[in-house]
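In what follows, chain A forms one complex with chain B and a second complex with chain C.
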Partner chain A sequence: MAVSFDEIELGDDLPVEQPDLSLEAVTRFTEGAEMRFPRFLDHEAARAEGLPGALVPGLMSQGLLLALLHRWSPGCVVRTIDTVFRGPLVVGTTAEVGGAVTDIDEDEGTVEVDLTIVDENGRTVVVGTAVVAPPA
Partner chain B sequence: MILDLHTHSIKSDDGRAKVENYCKWIRKKELPIDGFVLTEHRQFDDESDYRHLEDTYGLLILKASEVETDYGHVLVFGVNDDLVNSFDFAKVDNPLPEVLEAAERCGAFAAPCHPGRKNVGLFAHYERKGPVDGVHTVEVLNGGSIPGEDELSVERAAEHGYRGFGGSDSHIVSRIGFCATDFDDEAGPIDDVDGLVAALHSGRYRPVSFRDQEDE
Partner chain C sequence: MTDVDVAAIRSDWAGTEFETATFEIDAGRLVDWAAACGETDPRFVDPDHPDFQAHPNFTACLGTGRMLPEDFPRFGDGFGIDGGKTVNVHGAVRPGDTLTGRASVHDVYDKTGRSGTMVFIIHRMDFVNDAGESVSTVDSKMIRRL
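Up next, the complex of A and B:
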C-alpha cells in the first residue's frame, strides 16, 4: 500500500507491525551496526547489569520505526525522527510498532507522525515523532 | 465537564506533543473531552500562554505540575508562587508529606498519580514503607498503565478510602484522552485552575476511560 501526500489525513493510523525481536535478528543487527555488546546478546550478562534481560538496542528500535514509515509510504523522505526510550525492550519478546498522523503541513508537503513500540505486557516502551515528506 | 487531568507537552523532557496538535487531534477524533491539563515534569510552566488555542479550538487548557517524591509521582493542581517556593520542583525525592502539606497550605490540590505502577507507584511504596497521612485522592485510571495496574489502584484506593480520578499521562499527541475525569455540574464551574481546584476538593467527579474507543 503506497501512501502519497494527498491521500493522508490527520488521524490516520499506520499499519501495526510485529517486528522480529529474536536473538538471531538482534545479533544480525549488532553485527551490521558493530554493536556487539553483551547487554544486547546475552541475557545473563544483561541481568548481571540489573537489566531484565538482553535489550533490543535503541538504534534498532529506531530502525524499526523508520522501517514502519517507509513501508507505510514507500519513497517518503524522513526529515527528522525523535525517540524517547521509556522502558526496556527485551530480546526474544514480542512487540507492536505503530504510528498515527498528528499534523499535516500543506505548505511543506510534510506530515508529523507519532510513533510507538508497545511491549508484550502492554507497556509503551518507546515513543517518538517523525516529520515525513511522502511522495506527492 | 470532562477533563484529561494528566498530559505532557514538549515542555517536558520526555514529552513530544505540541499543544496545538493535541487540540487538532481532539477535534478531528471528536474525543469526548472538554479540555486538558498540562502537567509538565518537575517544573511549573509559568510562561506558556495557550489562550489563543482555547479560543480557536473551544477547549479548556490549564497548567499544573507533576512532581516527584519518595513515594512516587504526584500531580499538583493550582500551583502558585507560594507553592513554587515551598519545595524544589526539580528534585526527584521530595518527601511526600512535605509536598502534601505545602499544597494544602498554599491552596493547591496534590494527588499521587499512577499509584498502581509496579515498584515505583504509591502503593508499591506503601508495601515497603507503610501509608502516608494526608493522601486523600489518587489517579486510579492512567492511560499509560498496563493491564492490572489500574485495577490495583482502584482496589487499594478503596481500601484506604481515597477518591479517584483519571488522566491519560499522554506524552505524544495520539495518546490524549485515553483516560479522563468527569466532573458533576455540582462540582461548580471550571473556567480556570481555581475552579478546577475547587471542583477537585468537592469530590464530585469520577474517573472515566476512553481507551477502548481510542484503540478502535
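Up next, the complex of A and C:
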C-alpha cells in the first residue's frame, strides 16, 4: 500500500504490524546505537535492576514507529517524532505498532499521525505523534 | 523535599549551553540502527542508495556524556525518569558527515498532580553538519519527583 498526500484522509488508520523484538534485533540496535548495556541485552541483569526483563531501548521503540511510517507512505519525510515511554517493552515478547491520521495541513503538505505500541498484555507502552510529509 | 524553587532554576538555567562534541557518522552504524528497527526503505538500509541517510531519530543516541551542567542544582530522585524524546528533523544526516552537537538546558518546569510535584527538565541537543547546516534537534525529557 503506497499512500500519497492526496490519498490521505483524516482518521485513516495505518496498518498494524508486529515488530521483531528478538534479542538478536535488540543486540543489533545496540551495536548501531553504541548502547551495549546489560539492561537491554541480559534478562537476568535487567531483573537484578528491578525490571521485568531486558528492555527494548526507547530509541528503538521510536525507530519501530518510524519504520511503520515509511512503509505506510513510501518516500515520505518525517519532520518530527515525539514519543513518551509509559511502560517497559520486554525483549522477546510480542507487540503491535499502529497509528491514525489526526490532522492534515494542506498548506504545508504534512499530516499528523498519532502512534502507539501495545504490548502482548494489551498495555499501551509507547505513545507518540509524528509530523510527516508524504509524497505528493 | 518540597522547597525547590523551580521558577528560579528555570530563570537561571533555561537556555544555558554547557557542552559541545563532534560525531563522525559511520554507514555501518546507520544500517544496524535502521535494520534492527525493521526499516525496509532503501534510503535507510542500503548504503548504495543515492539518497542513503540516517534513520530520522539516529541523532538521539549522540550525546556529550553529560545530561546536565556540572553545577546544576541537585534535587529530587537522582537522574529521574525518562519522560520521552522529541526529534525534529531539519535535514539528512549522511555517512561521512561530521556533526557538531551542542547540549543545553532547554527548559525546566513543574506539574503537580495527585501523586505530588514532578519537575520536568528538557535537555536539548542541536546538531549541525560540516557545512554548518542545522540537521536535527533532540529534546530529552527528564522527570524528577520532589
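Basically, the second predicted complex is superposed on the first by the 136 of 136 C-alpha atoms of A that agree within 3 Å, B and C clash if a C-alpha of one lies under 4 Å from a C-alpha of the other, contacts with A are read in each partner's own complex, and residues count from 1 in each chain.
One rule holds in what follows: a residue touches a chain if its C-beta (ideal position, glycine included) is under 8 Å from a C-beta of that chain, and two chains touch if they have at least 3 such contacts.
Everything numeric here is computed off the predicted structure, so don't read it as measured data.
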**Prompt:** So, does A:Leu66 touch the first partner chain B, the second partner chain C, both, or neither?
**Reply:** second
**Asked** Looking at chain A, which partner touches more of its residues: chain C or chain B?
**Response** C
**Asked** Between chain B (first) and chain C (second), which, if any, makes contact with A:Val84: first, second, both or neither?
**Response** both
**Asked** Looking at the overlay, what does A:Gly11 touch: chain B (first), chain C (second), both, or neither?
**Response** first
**Message:** For A:Glu112, using the defined touch cut-off, is the partner it touches chain B, chain C, both, or neither? Pick first, second, both or neither.
**Reply:** first
**Request:** Check the residue A:Pro19 against both partner chains and state whether it touches chain B (first), chain C (second), both, or neither.
**Result:** second
**Request:** For A:Asp103, decide between first (touching chain B), second (touching chain C), both and neither.
**Result:** first
**Request:** Determine, under the contact definition given at the top, whether A:Glu120 touches first (chain B), second (chain C), both, or neither.
**Result:** neither
**Asked** Of the residues on chain A, which ones does chain B touch that chain C also touches?
**Response** 82, 84
**Complete:** chain A residues touching chain B in their complex are 10-11, 82, 84, 86, 100, 102-103, 112, 114-116, 121-124, 127-129
**Prompt:** chain C touches which residues of chain A in the complex?
**Reply:** 17, 19-20, 25-26, 28-29, 31-35, 58-60, 62-64, 66-67, 70-71, 74-75, 77-85
**Contact footprint of chain A on chain C as seen in their complex** = 28-41, 44, 55-58, 60-61, 82-89
**Item:** Residues of chain B that touch chain A when the two form their complex
**Value:** 14, 16-18, 21, 24-25, 28-29, 144, 146-147, 171-175
